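Two complexes follow with subunit A in common, the first pairing it with subunit B and the second with subunit C.
After this line comes the complex of A and B, so read on.
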């Protein structure tokens, strides 16, 4: 299957899942209250995060132009390439030959006239790509890093944490040993070692981030499961003859969801920032803001200074991280029973 | 307590063995010597050259089990080298890794010790300050600044600091290294400042939470009732009582004093262990990378045991059983 078709399908599936989750949360008074509280506390941060999600979503929906092959021979390299909704906001051949300043009419070096004078709001990079366009596309990379890694971390941590906490005994000892072994390695070094062994690429980087990231959540889940196991409602379910699996699924896991959500929110910004560091070490993901920042390093020592690349990518990164951090704090305040009680 | 420490040491040793096993899996089984050779000398290298590379670097042995001589396999060799601190030679340039470590530890400590002390001083003081004014505008502004500072990537602090100090203000050299201590101080000033800036947001917020939690306790009310001022309450009563979480944070940071800061060192040209790690990444030097991970986790495990012992000093109520 072609990559853009796969991307479209995944995006559609995620959109449906998100809608279903939101609809379900609306019916549950507890979740509805939490959501309302969240929007009340941090309206701007929540809408900023939603905007980034929207941009990333639009950038994930792509299709190929032109049905007849060879019909548009003059567009050359672009023929047959899938372009996303975000790509379509810009002209198809929106590329210069080299650096140009924001809104410039001529190239930065050499004074050659641009193909699109005055159209590049944030200038162009070394090979003449539009910086605004690249920055918008970076949102998708950032969300893929956070999302894909969470898709590895959360199920793994839930499975391991719940089974260790529920079964206890030998299994718990073994799980605890594995977790303390992984946790004893310095995170960044472990991350580097994993990527060196697995190789670079989006999936590999997310897998490495997942392997380093799941231990924290698994520990929390394990401890909480220990507590829940002894609670009255679990005992009651057991007396009623409910099967173990059903107790875990219906009574334990739902009571862990607040932990999962809080950790997800707190984890997310850390993941995106980690990728920036990895990019800088040369083992990051193509098209990420980290790559753009990394590139900008050498550009600052040029004469005249090329600042727009750095400014655009780091501002986009900063706004996302700031908004996610604020949403994460609010999510914790709203969902954590300890802080939620204080807020009342 | 001695029995407890001994038990912890035994468990710590088991964890070290676990780390070694994990590294073996990652760097010998998952990425086989052949993969490593390909990475080092190129994807399209002729098979003979790859075999030559494998033989030269001592990877031409059975992986796990050698029927002729059970002590002669990569697994045994890996454990033996690490546990005797021999470490072998670098995959990239054949220099003994031990020698590299000895050379790099000095510069790393020279950067990380001042950075660590400044960071601790700044974040504990600011944390106490903000906690003194909890639930006021000062507190809210402080927390907002912390979240703001946390959201900036460390790379931006580095790039910004270098640009501002080195290009705009021309105060001191942005990167470099020298043998004489007086010159080193000039080279270290900027990385230390950048390091403190990059981490204070998270740290101050953490300490604030710890101190605010402490101020809700009864002994604080008693201290106030007998007429203690804000400063005395915070420094003499709250700070010692908050020692346990502070210790946890501080001791766990100690391994990084040796392994150095990967980003700061390579960006500022400090020839420490962090730079060594970056060189290892760029040169596909898996041998050095294994050693760095091993040393990092060894120090971490020791630091954790030390934390437990220090708890008993910080809080006499803690008994290690």
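After this line comes the complex of A and C, so read on.
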């Protein structure tokens, strides 16, 4: 299957899931209250996160033009290539030969006139790509890093943490040994080693981040499971003849969801930032803001200084992280059982 | 039907010489020691005793739910004729909820906080009966009305934190009743509720028992509740039964010095301004239980064999038994 078709399918599936989740949450007074409270406390941060999600979503929907009408003969590489909705906001041949400043009419070096004078809002990079375009496309990469890694971390941490906490004994000892071992290794070294072993690429980097990132949540889940399994409602379910597996699924896991959601929100920004760090070490993901920052780093020493590249990518990153952290804080305030009762 | 009626007492719960132990201070101690109980269909047996005397462990043993590292060491337990100790796990699961159900002391924590009350009752119904979700929900609504929850249909969608303690206890009772069990074990069902709600819940239990013909094993330390609800009473002290018999006999003419002391210490019996009588000393921890009669070190009438030989059951009447050397001696003396 063509990569862009797969991407379209995944985006559609995620959109449907998101819509279904929102619809269900709307019908449930508990979630509806939490959602309303979240929007009331952090309206700007929530909108910013939604905007990023929207941009990433639009960038994930791509198709190939039959005739590629915008493509000119010399940029033949664009012919037959899938272009996303975000790509289509820009002309197909929106590329210069080299650096140009924001809204410049001529190249930075050589003073050659640009193909699109005054159109590059945030200038172009070394190979003449539009920086605004690249920055917008970076949102998808950032969300994929956070999302895919969380999709690895959360099920893994739930499985390991719940089984250790529920079964206890030898299994718990074994799990705790693995967790302590992982936690005692320097994360960065482990990450580099894993990426060396797995190879570079989006999936591989997310897998490596996942393997190094599940321990914290698993610990929380394990401790909470220990607590929940002694609670009366678990005993009450047993008294009614509920099987152990069903008790875990119906009574333990749902009572861990606030932990999962809070951790997800807090984990997410950390993961995006981790990728920046990995990019700086040269093992990041293509097209990420980390890559852009890494490339822009050396350009700061040029004369005249090339600042727009670095500014655009790091501002986009900064705003996303700030918004996600604010939303995460608000999510914790709203969902944490100690404060949830006051909110409702 | 006539055959079942012909048997004078059809037993829904029969416990014989049950011993359950826990490791305490490095040794296994029997916190329930050779306890025997019977609950007949439709009757209420109150298991009375102080905290830590083994009442709850007895009930959990009967449902085969003693938490680890506790262990049922010996004895037989029959629920509706089925031998609980040898039943396969899946069979036992069917017995729980179906033949016997249980309600707990803390209605605040015995409901899952993230599920609606209705969903929890529906789950209980569908565990034991193959019915559709809609039908189970209808039954849950009927159960809610039956346990006296006003506006039952709307309350199905309420979360536990939206209900008061009394309402939650009613939801618990509805859950326990979902499969019409023949026996309901009520472990301190009203302890966490305030007095007016206590009375309502007791009244509810009484009317449900009348309507459904359900037997109740009532675990309590509150003699007032025993008076309200019980047909028969078993008094437990330090893991053993001290006295057992019809309520009228045990509360009206107690023979065991512990029962006598317990009843004398009730505030209701003292005149205003009078000092309440107390049983001297405190209940010793299981590791310091006397080797003879467990009550011997606090007993006002203990004599020579009490602290070395465990008393056996002495029949005061056909239905009233006392585990006390002094009672045995007095009865032996009066009828040579």
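Criterion: the second predicted complex is superposed on the first by the 329 of 344 C-alpha atoms of A that agree within 3 Å, B and C clash if a C-alpha of one lies under 4 Å from a C-alpha of the other, contacts with A are read in each partner's own complex, and residues count from 1 in each chain.
The criterion applied here is as follows: a residue touches a chain if its C-beta (ideal position, glycine included) is under 8 Å from a C-beta of that chain, and two chains touch if they have at least 3 such contacts.
Since this is a predicted model, take the numbers as computed values, not measurements.
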Original post:
Here subunit A is shared; do subunit B and subunit C fit on it together or clash?
Top reply: fit
**OP:** Using the superposition on chain A described above, determine whether A:192 touches subunit B (first), subunit C (second), both, or neither.
**Re:** first
Subject >> subunit B versus subunit C as contact partner of A:273, first or second or both or neither >> reply: first
Original post:
Which holds for A:326: it touches subunit B only (first), subunit C only (second), both, or neither?
Top reply: first
Original post:
In the superposed arrangement, which partner chain does A:257 touch: subunit B (first), subunit C (second), both, or neither?
Top reply: second
Original post:
Touching A:241, do we find subunit B (first), subunit C (second), both, or neither?
Top reply: second
Subject >> Of subunit B and subunit C, the chain that contacts the larger number of subunit A residues >> reply: B
Original post:
After superposition on the shared chain, which partner residues are touched by A:81: those of subunit B (first), subunit C (second), both, or neither?
Top reply: neither
**OP:** Using only C-alpha atoms, work out how near subunit B sits to subunit C after the chain A superposition, in angstrom.
**Re:** 16
**OP:** Name the residues of subunit A shared by its contacts with subunit B and its contacts with subunit C.
**Re:** none
Subject >> subunit A-facing residues of subunit B, complex >> reply: 14-15, 18-19, 22-23, 26-27, 30-31, 147-148, 150-156, 159, 163, 167, 255-256, 259, 262-263, 277-278, 281-282, 284, 286, 289-290, 292-293, 296-297, 300-301, 304
Subject >> Partner subunit A, residues of subunit C touching it in the complex >> reply: 63, 65, 93-98, 101-102, 104, 106, 109-115, 123-124, 127-128, 157, 159, 161, 172, 175-176, 178
**OP:** Spell out the residues on subunit A that touch subunit B in their complex, using ranges where they run on.
**Re:** 177-178, 180-182, 184-186, 188-190, 192-194, 196-198, 269, 273, 276-277, 280-283, 290, 293-294, 296-297, 300-301, 310, 314, 317-318, 321-322, 325-326, 329
Original post:
Given the complex with subunit C, which residues does subunit A contribute to the contact?
Top reply: 29-30, 231-233, 235-243, 250-251, 254-255, 257, 337, 341, 344
